[in-house]
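Below you'll find a set of structures to go through.
Two complexes come next, and they have one chain in common, chain A, joined by chain B in the first and chain C in the second.
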Partner chain A sequence: MTPATKRGFSPRALIGENRPTLWIAPLLTVVTLFYLYPAFEVLRYSITNASLLEPNYEYTLDTFTQVLSDPVLYKVLRTTAIFVVASIVLQLLLGLVIALAVNRATRRRLPGMVFMRSLVLSAWVMPGVVIGVVWAIVLNDADYGLANLLLGAVGLGSVPWLSTPSTALMSVVIANVWRGTAFSMILLYAGLQSVPEELYEAAEVDGARTLQSFWYITLPQLRPILMINIILITISTLNTFDMILPLTGGGPGQATEVLALRTYNVIFQNYSLAGGSVLAVVMLGIAMALTLIYQRLLRSGGSL
Partner chain B sequence: MKPWVVRAAGLAVVVVVAYGCGGGGGLLTLDRIGKEDAPNTMTLQLNNSYTHQSSTPSWADGFERLFTQFAEDHPDWKLELKIVPDEQATQAQARLLEQARAGRAPDCANVDSFVIAQFIDQDALQPLDQYFDQEEIDGFFPFVKDVVVGDDGKLYAYWWATDLRLLYRRTDLVPEAPRTWDELIQAAKEAEQKDPKVDGYLFNGGRWEGTVFDNLAHFWSQGGELVDEQGKPIFNEGQNREYMLNTMEFLKEAVDSGASPKRVATISDYSEFESAAQAQTVAMFQGGDFQYPTLEETLPPEEFKKYEVSPIPAMREGQEATGTGGWTMGAFSDDPEKVEMCAEFTKDVFVGEGNEVTGQLPTNPELFDTLDKFQDPIYDTFREGLKAGEARPGVPVYPEISNQLQIAIGTVLTGEATPEEALDNAAEASMAAYEQQSN
Partner chain C sequence: MKSRKAQNRVGDALTYLVFLFALLFFGGPLLWLLSLSIRTQQEIFITSLRLIPENPTFENYTEVLYTAQFSVFLLNSLKLALAGSIGAIVVSAPAAYAFSRLTFRGNTLFLVGVLGLQMISPLVVVIPLYRYFDRLNLVDSHFSTAMVYIAILVPLATWMLKGFFDGVPPALDEAAMVDGCTRFGAFLRVSLPLILPGLTSTFVLTAILAWGEFVVPYVLLSEPSLFPISIGILNFQGNYASNSTNVLAAGGVLAMLPAIATFVILQRFIVRALTSGAIKG
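Then we have the complex of A and B:
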């Protein structure tokens, strides 16, 4: 029998040596139980009128209609869009700047780089609730708020960080960027480490300046990492509500109520399991659509 | 020292620590009250604050003493503890309701006073009348009786601790207690003139429950009602609409006139008032009775002496109301013996004794006379204030009404919406939630 000969199906073939089934089974079980099943339940609840107050429910599309026709949803989507786009841009830019600095310092063997990386990462490992509480103290509008205290010390006036709708959204973005930049930096730093040194040496021989090296070597080499970074930042920012809850609670009014926070409110204030599930499905749809767009950009080799 | 000695000593420390942390067979462990081998078991869900693991050392010590005493007095029982972290206490109520509906609730539990009506509606709670004297039940403050006594006249939970909201003021800046909104705004502005460092009047205006709960006093004092008998939101109907608009216009006026700073729209924690008091940057604030001991502890004595409390000013003189909250104990078990044990536990640990440990106000005016903790004259003011107490309506739509009114107050304070627009939006969203829940 030649290796190319086809064999008939045999159950043993599924679990035999060098077959992936056994290796994949634990992963498949975990993914099914903890990811696919809950996601399926959310989809199922979204086409019901389920409530936390009533054990019985019916299948209906009315909840979808109600949630999608609520004008508040579009205000929340707008807030979410500003929050996500500002977070992506700032986290990428700051992450890239810090990663370049750390990479340069590491190549020059400057001391303290491990400490520096650990310090930056400490922001990322903090729970969102803690970050929200810390920033609420820092950005307290009172004169004794930490940020206003510092501004006062240098002769500048107090800023209403959280009490006007526009500054409140800006403050929430600042807190989120502070948390997410570390993650961005680590990914980009790993990407920078993998850029072959020879490319820079060749560019140097050709007389390229630093900016030209960055533009024609570093950025193109980092493109896959940048794309992955954008996808991950988008998903994590879309899901953020734990940090906003203690920082502004979504206020003043609804100025900082993002989609994830609204989902939480609809379930726990309104007891509407179905309404919350519809919003979760909307979030899932947005995240998937953006991911597909990013992937297409990545594959097509389109410019950033 | 030889290595085996070090290892043995280490092992001994681990054993001692593990024993102390709940692995032992004593009367009180991390998750049990009573002996491990006691023949009868009751499951008990408590907020962390009301246990021997409270983060307040004096509360932890007090409940440790009470739990141990209870275990000694009831040797045939062990109570299996489920402790709810304080920050999850509100969400835990939604879960408890779900568990009760599915018949999986603990036998006995701390229940938030403002959700009791929902539990009674769901037939989740067992009557406790036979375990308490009728005189004791009749002695409750009226707002307490309204909540814990069902339509059938039976007692469905024992509300043992309550609180109220009042106006705190620095008498050096505001010598006379303002009685009306106009007087409050005037006094705040005068205080700011006397000391430009201070904010005249601070109140909760951020996106959280306290904003609605505290400011509902202004609505209630005019005679306003949030919901009707069926639990339907009516705060935007007839006279109620006028009362609610008056309330929002007063809050807006407080900010627009400069009596209150714009940042009240961000205040979502009572500790903000304490911080301002410590920084000596506030003349008046609307706070809770529970802040009085904290201020006494944290302010220098000469600064604390400047503070006095008085009823919350109303639209017109003579109108008075204040929001009241607090915790109850309820029995969920079908087993009469466990219901009786739940009542026993409530009596022995919480009623009176629990008030002494925590300083949280009793729900029966007579206890103010008998308990040592409440002999300070300030508690006379609190007791009087409770007579005008109002509890939030325990209807399923209340959390959404609160959520919508928080948004409404926020948008009015920041100038994003007029009081009329904000109120109409809040009413529309609350009605939508009510109709959804009713279907």
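Then we have the complex of A and C:
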């Protein structure tokens, strides 16, 4: 290479080995093609009347007003909110209880801890569709439905888990909690291990009972992790629809049709690319808001 | 006041009570699936809680593998998962290295932006891509599907790998560069080998996520011979008669086994990576 070309079109300042350009170029390309471009396109489609069936479309705000004034949207948002809130509450509670047990078992070297942790995490690494299939079998009304067999064994009547609107939503929540608890457990377990032992020792010297030290030491110490956990559960639950398809398919009626599933159905069942894009914009908006909150939490160590 | 010993005994009992509940709630459905998968058709409808059937059989597995083409779906999933996770690492590793080692304007901002991408649902991404690929004749191709897998895995891979590079002292690279290595050479020959455990956990975690990926292939693939297992099993469930739940159960076992087995064998790596990543951000 001659000195002339060095000073020419490829200035060292931009692509030298100690400059980030070449290092992050592959990442930038992927992000631009598969995130920025699609996000921009979704925004653009949302102000058109585009359909999957026709190649041509016009720009209009009608789709936006149509989708936003459709009562179905509010039913879907309500279902989604119940799904998300119930999942957060149950996953945090169950995750915390199991994390406390695993933590205690680790400290006291009780056998069975690794097995327990592996079992809970196994549910988390399974493909979402398979989780839906498993629960569709377990909650089935037919003779092979494990849940009703168990209820029968303890003398209770069977429950129509998947065939009435209110029980179907509950079933979807149960399956989602089964899937997501592992994640909360792992985060909270790591959090428990980082609580300084001296705090508990000091509390014991002061005569605190177990419950008191849990309430006044453990919970406040876990606060940042609990907040981060809530955001992450919200995001993963909002994006969930793989598990719902084999479990209820969104039904009965529209009882378990959450926002992500609705978006999919509007585009690929009703062929309304514009309508689905409006819903996707709603999803993007929620994701952006949550991301901002998440960053704030990370920076401030747990307080908003 | 109760003695220390008695208190410990109560605590241990409570711990095992929680374990028992978790065993039933998390293990129960999995055991039931296994049990159904080795039953004959007559034995699906017995109204009892027996786990081991009277005439255990593996025929359901052969049926689902060969008649229902699950062998093809499993192979497709493997291909896509490997392409996705290896591709994501190839794209992310240099960027993660730059974020860890080089000082430049916007470093942190860019890194946080990459994390933000993870919040975007793959569904949102795949809507315009479907149209875009359709026009380029790229629908129904493992290549274009794998590209989207890579994109979806890149944010997680970048964050994980950046954390691992942070754990390697920069002095090692600098020493190699003093000895005549280029920076890229130092990255390739010094830093990368040193984060091998980290590379492993990133690979395992992204491969498991890719194995379970659903919405991307669901939208971009329509040719059954290209389907990964997640779509294959959904279609099978939609078409099967309720009296062959035993075959569906065998399919379910086959679909989850690779992910669970990989995870259980390599969980030491993953659990550590998950916790450090999430807490650091």
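Heads up, the rule we're going with is that the second predicted complex is superposed on the first by the 250 of 304 C-alpha atoms of A that agree within 3 Å, B and C clash if a C-alpha of one lies under 4 Å from a C-alpha of the other, contacts with A are read in each partner's own complex, and residues count from 1 in each chain.
As a working rule, a contact is a pair of C-beta atoms (placed from the backbone, for glycine too) under 8 Å apart; a residue touches a chain by one contact, two chains touch by 3 or more.
Since the model is a prediction, treat every value here as computed from it, not as a measurement.
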{"item": "Touched partner set for A:164, first chain B, second chain C, both or neither", "value": "first"}
{"item": "Partner chain(s) touched by A:219 [first = chain B, second = chain C, both, neither]", "value": "neither"}
{"item": "First (chain B), second (chain C), both or neither touched by A:126", "value": "second"}
{"item": "Chain B versus chain C as contact partner of A:33, first or second or both or neither", "value": "second"}
{"item": "Partner chain(s) touched by A:105 [first = chain B, second = chain C, both, neither]", "value": "second"}
{"item": "First (chain B), second (chain C), both or neither touched by A:203", "value": "neither"}
{"item": "A:253 touches, of chain B and chain C: first, second, both or neither?", "value": "first"}
{"item": "Touched partner set for A:53, first chain B, second chain C, both or neither", "value": "first"}
{"item": "More chain A residues in contact [chain B versus chain C]", "value": "C"}
{"item": "First, second, both or neither for A:134, with chain B first and chain C second", "value": "second"}
{"item": "Residues of chain A contacting chain B in one complex and chain C in the other", "value": "52, 140, 142-144, 268"}
{"item": "Chain B - residues contacting chain A, complex", "value": "91, 94, 97-98, 101-102, 118, 205-208, 261-266, 268, 272, 275-276, 279, 281, 396, 399-400, 402-403, 406-408, 410-411, 413-414, 416-417, 429, 432-433, 436-437, 439"}
{"item": "Residues of chain C touching chain A in the complex", "value": "7-8, 11-12, 14-16, 18-19, 22-23, 25-30, 32-33, 36, 44-49, 90-92, 94-95, 97-99, 102, 104, 107, 110, 112, 114-117, 119-129, 131-132, 147-148, 150-152, 154, 158, 182-184, 208, 211-215, 219, 229-231, 233-234, 237, 242, 245, 248-249, 251-252, 255-256, 259-260, 263-264, 267, 271, 274-275, 278-279, 281"}
{"item": "Chain C-facing residues of chain A, complex", "value": "17-20, 22-24, 26-27, 30-31, 33-35, 37-39, 41-42, 45, 52, 97-98, 100-101, 104-105, 108, 110, 112, 116-123, 125-130, 133-138, 140, 142-144, 146, 149-150, 152-153, 178, 181, 186-187, 189-191, 194, 210, 225, 228, 232, 235, 238-239, 241-242, 245-246, 260, 263-264, 267-268, 273, 276-277, 280, 283-284, 287-288, 290-291, 294-295, 298"}
{"item": "Residues of chain A touching chain B in the complex", "value": "49, 51-53, 55, 66, 72, 140-144, 160, 162-165, 168, 248-255, 265, 268-272, 275"}
